[in-house]
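As structure tokens, here come the structures.
The following pair of complexes shares a single chain, subunit A, combined with subunit B in the former and subunit C in the latter.
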Partner chain A sequence: MIYEILKLGFFYGCFIGMVSIGFALIYNILHIVDFAHTDRLIVSGYVFVSALTFTNHFAAVILAVAAGVIFAFLSEWLIYRQVRKYNPKLLLLTTFGLSIVIQNVLAIIFSDSLKEYPFVEQTVLQSNLYIRELLIFPVLLIISLLLYYWLKKTKSGLSIRASISNLERAKTLGVPINKIYIIVFVFSGIIAGLGGVYLSMGYGLTPYSGFKIMIFAFSACLIAGLNNVYGSVIIGIIIGISLSVFEMLFNALSAELFTLLGLITILFIKPHGIFGEKLRII
Partner chain B sequence: MDLLIYLATKAVIFIIFLIALNSLMLGKMNLWAIGNIVYFSLGSFITGFVSNNWGINDNRLYLLFLIVPVAVSIVSLIFFYASRVFKQDFFLFFSLFFIELNFVANKMVAGSSGYSHIIRPSGIQSDLSLLVFSVILLIICIVWINNFDKSRVNKLHSVMRDSEILAFSWGININKSQIPLFIASAILSGLMGVMFAFCTYGADPKLFTTNNMIILFALLILGGIDSIQGAVVAGLIFVFFTYSLESALSSTFQIHAPKITQIVFGILLIVIPFIMPKGLFGKRNFQ
Partner chain C sequence: MNKKYLFGIIIVLLVGVIAVSVFNRKKENNLVVGSLLPLSGQYGAYGTMAQRGQLLALDEIKSKYNDSIKIAFFDTEYLKDVALSRLMEAKNNNVKYFVEIFGSDQVEHCLDYAYNNNLFVFSGVDTKPDLVEKGKGNFACIMPSDADATREIFLWMEEQNMKNVAILYVNDDWGEGLLSSALYNLSNSSLNLVGQFDINRNQQSFTSTVSKIKEKNPDALCVFIYPDDGGRFIKEASRQNLKAELYATENFTGNDMIKTAQSLAEGVKLIIPATSGNNPVNKQLVEKYMEKYKEEPTIFALKGYDAVLVLYDVLQKAKNIASEDYTIDDVKNVIRDNYHFYGATGDIGFNEKGEFIPTKYERMVYTIKDKEIQLVPVK
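Then we have the complex of A and B:
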């Protein structure tokens, strides 16, 4: 029983951790919380479930990731970039606006009710683990390693780090900022796509599921420290396990309540995060 | 006519709520206080709880105008100290925690459909009397805010808003100075929650969500920051435009009409920076 609860919490935590990487990346480069990030994840989830009606799993995953990437690219290119030119301070509200539009469009197309994965999941051999559960941790690890390699060892990664460290100076040194933004959004789109697939298979989707995931994923970033992408993965896993344990002890609502209270308390005590530098304006 | 009175009452309630948000939180302290919806919701739910569970008579329901301010003050004080280190988008995100926490707590206490059959106190039982009562509150609120705007304390708040470092160097205790305004805004929001519960005879957790609050916030920016006129425009648009649009759309789109209305507001949020970053009556740009 305990093993089962910890297992569920761990995998949900991996998912939260994966989503938080996307949040952290966007925050570090744009200095805004992109509230539409998890809505793009939900869109990818719906694309995956819908694609399963006419194609196989592999193609459906590719389509879901492609949807996440295209949507992230379009959000940045068509909306965020334009708003940045006019009034960057309002970008935060723009992301909220986009989030509201996505949620309601999805609710009109797919209805408010829970859309579940249309197949019965089979465990792998006799391991008591589903395929998505077996894959989530390696995928998270690969994403983290790729991110590490990309940021530390490539020229574009160096440009991103330069932009994060000092945007104005990076601009004067000729770093192609807009290109950097696009790359970051595409990467976050890939993460959203994979997250959407995992969420739809394991938990089902509603148009409004993104909000709760956003709360937990971004708080993982905050608690880990916004400049610490890998720390947010660890905190994400802790959040997942905490949700799972409280749900076992009480119920789902209480689990959410206690976890939120815990997160607020931690942020109250350590507002800069556990591993983070003083990056935010306080 | 009844519908018009009902909508006008709702509009007045939202206008007072938005004045509390716009003129006090956003205008004086530059706080993106979407968490004010928590106080509004607290007012509604306490009203629902008292009305449904305590079985007190109509006259004693006026006690809510004492109970709610006390409860809301305590909650806002906790929130003030908990969120003190956060500014702007982080304050907003921290507020989201409280909204979500409040949503979960409301569902636990009142169930997912909230409270219904809330009774009104004697004296304001008819829709018209409730409207008159709300308008009186609005006038008091406007007079108070106008007087406050002319006061010396307001100048002090302008300094703190524009540069906390400067205010600090002048020896101003920022926390101490901001607490009264923070609590006043929360109390006003809580009282409007009570009025809203009386007006609609219910308290539904789904009404006090982040999306609705963000839409109100966006309408405030459209109306104009730190201006009473801005809050009035935002409140009127929120109630009358929403109702008109949903009514117009409902014949064609039926159950999807509220969602389409939300999409319209979402698009509005996206285009506001392009069309009017300062709003209609704004005293300054969004900072």
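Then we have the complex of A and C:
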């Protein structure tokens, strides 16, 4: 039994870790929590499930990722940028408002009952694992490596790091800040798209599913230290495993309670996150 | 002179129109009954099923008896306090008779108010034992109670030589109600309880739950959870090769479970209050329902349909006995006086206490037939 529990926890943790990368990136560039990040993930999930009614899985994944990217781009370009221009203090409230708007629009379109993946997943050969489970860790690894390469080895990555380090100085040095914002949001949109596919296949979707994911993914960022992207992946995996273990020991409700209590305790002891400067890439 | 004539004619016409409308209003049936259903939120699908059945019954009353009673629908969101405030709102609008307060805990929360304000509540779907007693005559229902359902499930298990039983239930009012009925009936059976496991509504994953059940190695598992959760539970149970036979109630007849579990639902056993599929009323309703909503009616739709027809019939009988100004007491007397009605779910009757005389249960099993998963009666 413990193997099943750890396995589930690891895969769910990889998912949380993946989502937390998007959170960490946006936080570092905007210095706010983008509450709508996981709602874009849910939108991508709905696009994926809806697309399966007229196309194959591969095309549906592409459409879901495209939806995540377009939606992230539009969020930044149409909404966040305008708010930043006129009153940056309202940005946090704006992301919260956008989150509520997305949830309500989804509830109107799809109703608030659970939307299920319309196929029975098949396990791969003798592994007793679904294909999404086999893929989640390699995908997370690829995203992490791409992110590392991008931030450390490319000019746009250098610009991002410069903007995060000192925004005003980066501006005076001619770093195209708005372009940087768009690139970060597009990257977070890709993550949201892939996350939406994973979530819809394994767990089903409601317009409000993003809230809990947001809590755990953002907790992973907080515990790791907000500017520590890889640390948040590791903490995400630990959160996933602890949710499973507590669920085995008690039940699903208690699992969330105990995991969050654990996270709060860690924050009391290490308010700046447990990794500090270690594993920091931005 | 002409103007005077014209004025006179207009006055006469106006008086005539007013007189005719007043006369017609007297003849028209102004009865409005209330129906308190969860029409939004995560239980909204169930309320909608019952509502559809009720609307079809209204159509039938209109076409058969040319009577235009109306149903005022109220959304309770499946919340006790909301249900009570909707009941108060309906009472303030002079609604005295209710054809549904969906949800045992919702109706239980409303029964005192109904009794104190002389309201009569009828239900097609509520299953909690003792509701009739708590309603002090102002409540009647036509769905057998949870206690009957779990007793029937354990009888079936015993006949199939099961020994060790586990119970999986959703940790809300409905699931916990079924659990307590099951535990009571289990103590009167030869079966051995090896574990009870709760889940949340819309729980994301069932891996831990299935692992825990597997560890107890039950022969049979009562699955008292909602159909959408049930579908995902069955998928995970299949992946982990859970050997226990699954038994559920009429709750699993909805499409949600099959949509998710598909062929994996093969072998799941269901206990359903007999709907007498061979009776002509049932056949007619199924045809109408499928024509209008393009899917088969669930037990909630059938019971919703019957509830409206029974309440209408009871009110007509009360009117015949006591005149136009019949009271709630006349209605209660009709129900207690060996009342019977033949509806889409078969013969509906009440004993002298106003309690529903339980119909038989049907035993069904999900089977793959013609490459499709179907609910087939067990012979």
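Assume the second predicted complex is superposed on the first by the 276 of 282 C-alpha atoms of A that agree within 3 Å, B and C clash if a C-alpha of one lies under 4 Å from a C-alpha of the other, contacts with A are read in each partner's own complex, and residues count from 1 in each chain.
As a convention for this text, a contact is a pair of C-beta atoms (placed from the backbone, for glycine too) under 8 Å apart; a residue touches a chain by one contact, two chains touch by 3 or more.
Fair warning: this is a prediction, and the values are worked out from it, not measured in the lab.
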### Query
If subunit A is used to align the two complexes, do subunit B and subunit C fit next to each other or clash?
fit
#### Entry: Contact breadth on subunit A, by residue count: subunit C or subunit B
B
### Message
Tell me the contact category for A:253 with respect to subunit B and subunit C: first, second, both or neither.
### Response
both
#### Entry: Touching partner for A:166 - first (subunit B), second (subunit C), both, neither
neither
### Message
Let me test your reading of the model: by the given contact rule, A:219 touches which partner, first (subunit B), second (subunit C), both or neither?
### Response
first
### Query
Where does A:202 make contact in the superposed view: on subunit B (first), on subunit C (second), on both, or on neither?
second
### Query
Put simply, what angle do subunit B and subunit C open at subunit A, by C-alpha centres, to the nearest 10°?
60
### Query
Measuring by CA atoms in the overlay, how small does the subunit B-subunit C distance get, in Å?
5
## Note on the structure
Where subunit B and subunit C land on the same part of subunit A: residues 253
### Query
Across the complex, what residues on subunit B touch subunit A?
82, 85-90, 92-94, 96-98, 100-101, 104-105, 107-108, 210-211, 214-215, 217-218, 221, 256, 259-260, 262-263, 265-270, 272-274, 277, 285-287
### Residues of subunit C that touch subunit A when the two form their complex
40-42, 44-45, 171, 197-200, 202-205, 207-212, 214-215, 228, 231-232, 235, 239-240, 256, 259-264
### Query
Hey, which residues of subunit A end up touching subunit C in the complex?
1, 4-5, 7-8, 12, 111-114, 116, 118-121, 123, 128, 130, 202-204, 206, 244, 247-248, 251-253
### Summary
As the complex stands, subunit A meets subunit B at residues 32-33, 79, 82-83, 86-87, 89-94, 96-101, 103-105, 107-108, 211-212, 215, 218-219, 222, 253-254, 256-257, 260-261, 263-264, 267-268, 271, 280-282
